[in-house]
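I'd like to ask you about the structure that follows.
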Amino acid sequence: MKETRYDRGLRKISEIDGKAGEQVVESLSDIAPDFARYLIEFPFGDIYSRPGLDLKSREIATISALTALGNAQPQLKVHIRAALNVGCSEGEILEVIMQMAVYAGFPAALNGLFAAKEVFAEDTP
Amino acid sequence: MKETRYDRGLRKISEIDGKAGEQVVESLSDIAPDFARYLIEFPFGDIYSRPGLDLKSREIATISALTALGNAQPQLKVHIRAALNVGCSEGEILEVIMQMAVYAGFPAALNGLFAAKEVFAEDTP
Amino acid sequence: MKETRYDRGLRKISEIDGKAGEQVVESLSDIAPDFARYLIEFPFGDIYSRPGLDLKSREIATISALTALGNAQPQLKVHIRAALNVGCSEGEILEVIMQMAVYAGFPAALNGLFAAKEVFAEDTP
Amino acid sequence: MKETRYDRGLRKISEIDGKAGEQVVESLSDIAPDFARYLIEFPFGDIYSRPGLDLKSREIATISALTALGNAQPQLKVHIRAALNVGCSEGEILEVIMQMAVYAGFPAALNGLFAAKEVFAEDTP
Amino acid sequence: MKETRYDRGLRKISEIDGKAGEQVVESLSDIAPDFARYLIEFPFGDIYSRPGLDLKSREIATISALTALGNAQPQLKVHIRAALNVGCSEGEILEVIMQMAVYAGFPAALNGLFAAKEVFAEDTP
Amino acid sequence: MKETRYDRGLRKISEIDGKAGEQVVESLSDIAPDFARYLIEFPFGDIYSRPGLDLKSREIATISALTALGNAQPQLKVHIRAALNVGCSEGEILEVIMQMAVYAGFPAALNGLFAAKEVFAEDTP
């Protein structure tokens, strides 16, 4: 029996984000449950599940975009955690964010670094 | 004798971009030669020359950011060529751009794909 | 006697936003009272007062733009309330915000949905 | 037998865009056929096919977002045509674009108006 | 007799932009003549006519914003010409654009410099 | 003996920002000390130290860009303080921010005005 896009997405988001996927689905359950479903199905069931690019590279791509756009701090933090989960080192994540100074300016990079600092601090036992 | 930031940047940009670096320096030579120097020194002499992240990952980060921001098509094309130069496959580049549909919308991803299509076509003998 | 742009704008903003218009004028009164006047005159006295597009459609347009731009959460909330005031249902507002996932990415849509969730919660008696 | 998301999307995009959908699928066929499929499935099969908001309002939302973001002129033109197809008048489209001066500035609105001017001119027999 | 906002705006735009104001009004005359009027009235009749900031500083502000946003090249060129008209030197304009590398990234600054290069070339007899 | 870029940048940032420069360097010291160094060297050692544009004009340029981009409120506040330090009046700063309504929309200008209001309030003894 073929796995549905939703099931594949759920498996992928839990591989990448741990509990963050469940939390966002939960937070949308009363207001926009269909959107929660789309979020599992398209980004995670379709895109992140594709072969052809490893998950480390996918998280580098996402952190770059969210740092450069600069208007999605909660999602940036989720993906900094995700990058750690899929094997990026803290140092690699910081390199990606610093590089964004070149493409989106120093304030965007600074705000990305402060987001990383918060995430890394949470993870220190 | 220590290599200057400019010399290190020039070496790095030529490793990454082939002739594109020279061309942009040339295009700025009459109007803003100091900016051409900064462009060699900071992005390439400082950032791309850092250890801690391989060049393939750096180009993935740049293509993501430029696709997501959507207002720098000439530079996106330069970095699609650069990504090919440093070892990304066409398929990997397309994966990165497609993923941007999730973070910056379908039009940003579409315009990135069309940029890639143009670059890949140039390279076909 | 012809109504001034300011008076027409004040009437329109109070039709659309209830008390929100007064509050923003008040919040600017010490620092930039001229800007408060422009805000009444141009957006509300000139644009929202134009025939040719109903207020429901105007609020749909505004919610779309503010969700997509993603850097004006306080104004987005004001216009989610305004949309309810001029006859949009909660469901219609959520449809508009969800659709922005296609044009500005999932994080922009998510942040818009959370803004709507807060506004709808305030309104529940 | 249940209609697939792809079939539903294809039916919807052809209702909205006429031939534009086919053209974009065609233009992606050599480089990213999977992305062409996603473009039919998610925006058109999932989002535009939802009940709860009429197509006129959906096109108003899209024109607003693309005018405000300002980095997707080809897609803006496609959706100006689409808005005409689903029953928006030229006047209503212009009202939406003009309103964007308030939320994204006068240059964004001006560039949107010039896009509309081009589209309207094509349609004049 | 008090000068209208329109007349004041027209006087100001012609002081700043020479013929560019007339041209944009003309280009909108068939499609959105009201918007042409707003463009004269609000930006030029209200804002640029205010005391409290000299025109050189106002053009520096505008060139910065348009370079940083990066999605309004035609308007950026108009304001590079305007800056020259109100007394900015070519060198000062280039300084402003180069500085944007810090706040919006190198591609935004590069594209601004190329816009300036085109404008300066036109003006050379 | 020639002053290094770092020393020149440190001197310049302290002339412009007072203690803000030190604070940002301090806040990066554990996570990205190299980025703190780049921040002193490139923006302040290279760009702000250039002749050819006075510091008042440079701060006007920066406030414009950060207000227009709208995703860097902490940095906007730093530069509103900086503008006061280098000789801009509160009135001039407000003029610059209000003008951004024309180029980036009313919400961007409003959020800039509220940032200025907070900074001016801190400075009142």
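Order as written gives the chain letters A, B, C, D, E and F; numbering starts at 1 within each chain.
In the analysis below, a residue touches a chain if its C-beta (ideal position, glycine included) is under 8 Å from a C-beta of that chain, and two chains touch if they have at least 3 such contacts.
For clarity, every value in this text was computed on a predicted model and none was experimentally measured.
Chemist: So if I look at the partners of chain C and the partners of chain D, which chains show up in both lists?
Modeler: Chains that touch both chain C and chain D, as defined above, are A, B, E, F.
Chemist: Are the interface residues of chain C and chain F largely the same numbers on each copy, more than half shared, or largely different?
Modeler: Different, since under half the interface numbering is common to both chains.
Chemist: Among D-E, A-D or C-D, whose interface repeats E-F's (more than half the contact pairs identical)?
Modeler: When the residue numbers line up for over half the pairs, the pair is C-D.
Chemist: Using C-alpha centres only, name the chain that sits farthest from chain B.
Modeler: C
Chemist: Please identify the chain with the largest separation between its CA centroid and the CA centroid of chain F.
Modeler: D
Chemist: Take the average of all CA coordinates in chain B, do the same for chain F, and state the distance between these two points in whole angstrom.
Modeler: It comes to 28 Å between the two C-alpha centres.
Chemist: CA centre of chain A versus CA centre of chain F: separation in Å?
Modeler: Going by mean C-alpha positions, chain A sits 30 Å from chain F.
Chemist: Two-or-more-chain contact residues of chain D, please, as numbers and ranges.
Modeler: As it turns out, chain D has residues touching two or more other chains at 34, 38, 42-43, 50, 66, 68-72, 94, 98, 101-108.
Chemist: Taking the touch definition from the header, please name the shape of the chain graph: line, ring, star, complete or other.
Modeler: If you draw each chain as a dot and join those that touch, every dot ends up joined to every other.
Chemist: Spell out the residues on chain F that touch chain B in their complex, using ranges where they run on.
Modeler: Per the stated touch rule, the residues are 34, 38, 42, 46, 50.
Chemist: State the interface residues of chain B toward chain D in the complex, per the touch definition above.
Modeler: Going by the criterion above, the answer is residues 69-71, 94, 98, 101, 105-111, 113-114, 116-117, 120.
Chemist: Applying the document's contact rule, which stretches of chain D touch chain F when the two form their complex?
Modeler: Checking each residue of chain D against chain F gives 68, 101-108.
Chemist: Could you pull out which chain A residues touch chain C in their complex?
Modeler: Counting only chain A, the residues touching chain C are 24, 27-28, 30-32, 34-35, 38-39, 42-43, 66, 69-72, 74-75.
Chemist: Which residues of chain E touch chain F in their complex?
Modeler: Spelled out, the residues of chain E in touch with chain F are 42-43, 47-48, 50, 52-53, 56-58, 60-69, 72, 91-92, 94-96, 98-104.
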